[in-house]
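In the two complexes that follow, chain A is the common piece, with chain B as its partner first and chain C second.
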Partner chain A sequence: MDYSTLAVQLFLTGIFLSSLYILVTFGLTMIFGVMEIVNFAHASFAILGGYACLLAVTSMGMDPFVALVPVVAFMALIGWLTFEFFARYTLDVGDAHVVHYYALLLIISNILALIFGLDYKFVPSGLGYSQIEIGPFKYPLLKFIVAIISLATVAGLSLYLKKSVIGKKIRAVSQSKESAEIMGIDSLKIRRITWIIGVSSAGLMGALVGLVNPFSPYAGTTYLIVAFSVAILGGMGSLFGTIVAGFIIGMTESLFSLFLPSQISPVVAFVFIIGVLMVKPEGLFSRA
Partner chain B sequence: MLEVKNLSVGYGNLQVIHEVSFALGKGELVALLGGNGAGKTTTLKAVMGLLPPWGGEVLLDGKPIHQLKTPSIVSLGLAYVPEHKSVFPKMTVLENLELALNSEKAKEMKEETMREVFDLFPRISSKTKLRQMAGTLSGGEQRMLVIARALMSLPAYLLLDEPSLGLAPVLVQDLFEAIKRIHAKGVPIFLVEQNVNLTLQIVDRAYVLEQGKIVLEGSGSELSEMPHIRESYLGI
Partner chain C sequence: MQAINQGNKKTVIVLGILTLAALALPLVGIPYQEYAMSVLTFAFIYTLLGQSWNLLGGLAKQFSLGHAAFFGLGAFATAACSSLGVPALISLAVGGVAVAIFSLPIGLICFSARGPYFTIITLAIAEILRIVFLWRPELSGSEGMLLPPSIFSTRIGIYYLTLVLTAASIFTFRWMARSKQGLALVAIGDDEDACSEIGIKVKYIKSSTLFVSAGMAAVAGGCYGLFTQYLSPNDVFSINYSLEAIFISTIGGIGSAFGPLVGALLVSLLEETLNPLVPGAHLLVLGAILIAIMFLLPKGLVTLFRKSDDKQGPRMQIKIKRRQPAA
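Moving on, here comes the complex of A and B:
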């Protein structure tokens, strides 16, 4: 393998990792920005999405990529239910909500463990080791498709927030709830929509990860740590910061995979958290 | 007609507003005057549903609205301009204005309202200003944007909380001129102010709030002749 091939491989792997990191953090940081909630359960929603996709493919015989559509719809329903019966009661409790969301993480993880057991599972993609050829370079087709879907979702969500009426209202509530309410914006409705988008995007991310990596009911914490690193580096609540920070961490992790065994690659994220907290504790693109 | 009857409001255990009553009729410009801490902002926040009233009623055209939430009150046509900066700093001036289009009628009339609003506040009307992030405007421009934004919703009643606070004197003149012109278009305005001198010159009627109670009321000219007003507020 010559150097240019290696460089392209590392670049594509970086894009692949970044796309998933950005997708999982997008929902987390949106919920933080609009609801002021640090959603520890985000990881368990991702894993739930993985199992939903697994069921759709193995029990219902769906094509894994077609299955993503009902998985997102199912996750939106889960989002609506968890908002109506859980999240809306935690909106004004202050920092204590952290305990509630940690409990939700444990509840969802344990329910999944009861149903599916502790074994690692993965969603069969049917693509095996197929490679995509980009000029002289080759890359696993599966990872390529996953990255495209993640990035397209993030781009779509960004555009939705930027251009749509609801998107503008979501941004308004995240900038000031009281100012939004005196514009006649129903902040509860906006928070409900935000929560549903957040949960659905976590579920989609989990389903995509499930196609590439094996997962278990408790595997979500790895992604939670990455999501928090990306969110902290980008400045909690800043969506633009999330995208930039996601690329920084994904690319760096890919680069370091040259020198580090893959088991300790999350170290990269930790180093970034420590570095950011020392140098610029408010993150690169803080909201305030 | 917007009527407030025996309104009482407070924070925690502390009652701030004691059975305050006032009214704002169609086409009127009415002021609520008082010093710092008199309870003016608290009164407005209670009318807008941002603070729960302890007692009393708020009636809009005879119907009670004091049990409603803020967005519902806004949808009935009350537009509120708070005293603190309430622009959305990371949205453009145009996006800020468009957020106020919360009724079908306001959407239909958008172009026309916008022309009128720019005529009132030429400082924020240039093409480059419209694309600028609202948070980068000067304090005075932000104040104008918030009033302009309130007007975009075609309010049935406009409630202004100390719009002149912290503005340079020349801007205060411009602002009061704009308030007079909005009033001349027939929009009823409830103006909360500390700038008693200028306010009494433009209002139809005014109420004076001290320690959470209305102590005086009368027309602008009547009040400016009263010894208590002259001594305590006008410094004459």
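Moving on, here comes the complex of A and C:
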């Protein structure tokens, strides 16, 4: 394999990884910005999305990419339910909310374990190992499509947040809840919407990952830490920071995959976290 | 123990009876004796782990999600020592001290972060250790490590060992909570910046508490190793132990010396009754109980055992000695 092919491979893999990391962290950082809550259960929502997609494809025979739509709708419903009956009451708890969200992580992971068992499953995509050709280079088609979907979703969400009325309200509450309320914004409603968007995007990411990697009910931990790395590096609450940090971490991990065996690659993200938290805990771009 | 301060004779008597019962368990021939001893041994190991977390999380509100790191390191340190032929008890002690010393640089890393960031960084460290131990065969790799048998691989031996250690941990916690250090920890939990302003050596206090906490967790891990005689990184460094430590202390009584014991007993009870029926169901129930506790009994189940004027717990127990005024 000559160097240019290798470089392109690494670059495309970096984009692929980054796109997934940005997608999952988007929700996490939004939730933190608007609700001041570190959602430790975020990755379990992702895994939940993965299982939802699995069900849609295996029991209902849907095409996996078509199934993404009902999966997102389902995750939105889950988001609404978890907000109304849980998240809403944790808003005034302060630092202790970490324990509440561990409990939620536990509940979700174990409901999934009870229903689906502990063995690793993945969502068949029907694409096998087919490759897409970009000029003289080849890349697995599946990863390519997943990356496109992730990036498109992130782009869409960013646009929504920038241009729409609700998007602006969300950013307003993220900057200062009190000021937003004085201006007449219903912060509870905005928090609900943010939470639902966060949970749904996590679920979408999980479904996409399920197409590429096998997963199990407890597999969320690694993604959780990567999501935290990206969120912290970019600055919790900053969406632009998430995008930049996502690319940094994704590309770095792809690069290091040359030297390190695949089980070790999460360590890259972990080392980032530790480094950032020690040197500049607010991250690159502090609260939007 | 608060009860003793209050002179509540009934609680002291009940505690005394329970302790005697626990001591006598292996000696009387009741049915299911061996099973009960195993269950209690695990409960005691979890209590040690939970108590170690309680020192930082209960007193100073530093919620660590990485105590499995110290648990696992202690387990492997003890295993390594006893494989070299060192007697079990000494291996345990060496493991505890070694991990405690190792916690000093770790503390330097972790304590540069506050609040939820501290939690995340501790989680990252535990995960890094898990992955590194899994990866390097010298450190055990995916095959794990075996321990040679010792007096503590017998049910009776490990039972008494963990029972004694649990009692020791309760005394240690109580002593620490009532000392000046404990007071400082509570203050740090309330407002860390204010503490450094008034001259409390925040870094030193956090590090020294972590030293004890890590040592305790390491001893818990060592006992686990001595008992099960087989260690695997995916097991001992898993986030499950970090989470257990948190649940046990939070459900039982955060910031209370007996909290982790109560919590561990409840968790063991749940696990033994529910697991045979539906594997994993106990974790689900645990999550639900945890949420219920957080909303209804934030200081944990021990509040049920306290007299109504003492719901605050340790913070109110620090007595101020008054000098007798000159006549």
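Keep in mind that, in the parts below, the second predicted complex is superposed on the first by the 287 of 288 C-alpha atoms of A that agree within 3 Å, B and C clash if a C-alpha of one lies under 4 Å from a C-alpha of the other, contacts with A are read in each partner's own complex, and residues count from 1 in each chain.
Following the convention adopted for this analysis, a contact is a pair of C-beta atoms (placed from the backbone, for glycine too) under 8 Å apart; a residue touches a chain by one contact, two chains touch by 3 or more.
Since the structure is predicted, the reported quantities are computational estimates derived from the model, not experimental observations.
Superposition of the two complexes onto chain A shows chain B and chain C fitting side by side, with no clash. When the two complexes are overlaid on their common chain A, residue A:V38 makes contact with chain C while staying clear of chain B. Comparing chain C and chain B on the residues of chain A they touch gives the larger count to C. Chain B and chain C, viewed from the C-alpha centre of chain A in the overlaid structures, lie at an angle of 90 degrees when rounded to the nearest 10. Looking at the shared chain after the overlay, A:I273 reaches chain C, while chain B stays out of its contact range. Judged by the touch definition given at the top, the superposed model places A:Y120 against neither chain B nor chain C. The gap separating chain B from chain C at its narrowest, counted between C-alpha atoms of the superposed chains, is 18 angstrom. On chain A, the patch touched by chain B and the patch touched by chain C do not overlap at any residue. The part of chain C that touches chain A in the complex is made up of residues 61, 63, 65, 109, 112-117, 119-121, 123-125, 127-128, 131-132, 134-135, 239, 243, 246-247, 250, 278, 280-281, 283-284, 286-288, 290-291, 294-295, 298. On the chain B side of its complex with chain A, the touching residues are 48, 50, 69-71, 74-75, 79-80, 82, 86-91, 95, 98-100, 102, 149, 153.
Residue ranges on chain A touching chain B, taken from their complex, read 168-169, 171-172, 175-176, 178-187.
On chain A, the positions that touch chain C within their shared complex are 38, 86, 89, 93, 95-96, 98-100, 102-107, 109-111, 113-114, 221-222, 225, 228-229, 232, 261, 263-264, 266-267, 270-271, 273-274, 277-278, 281.
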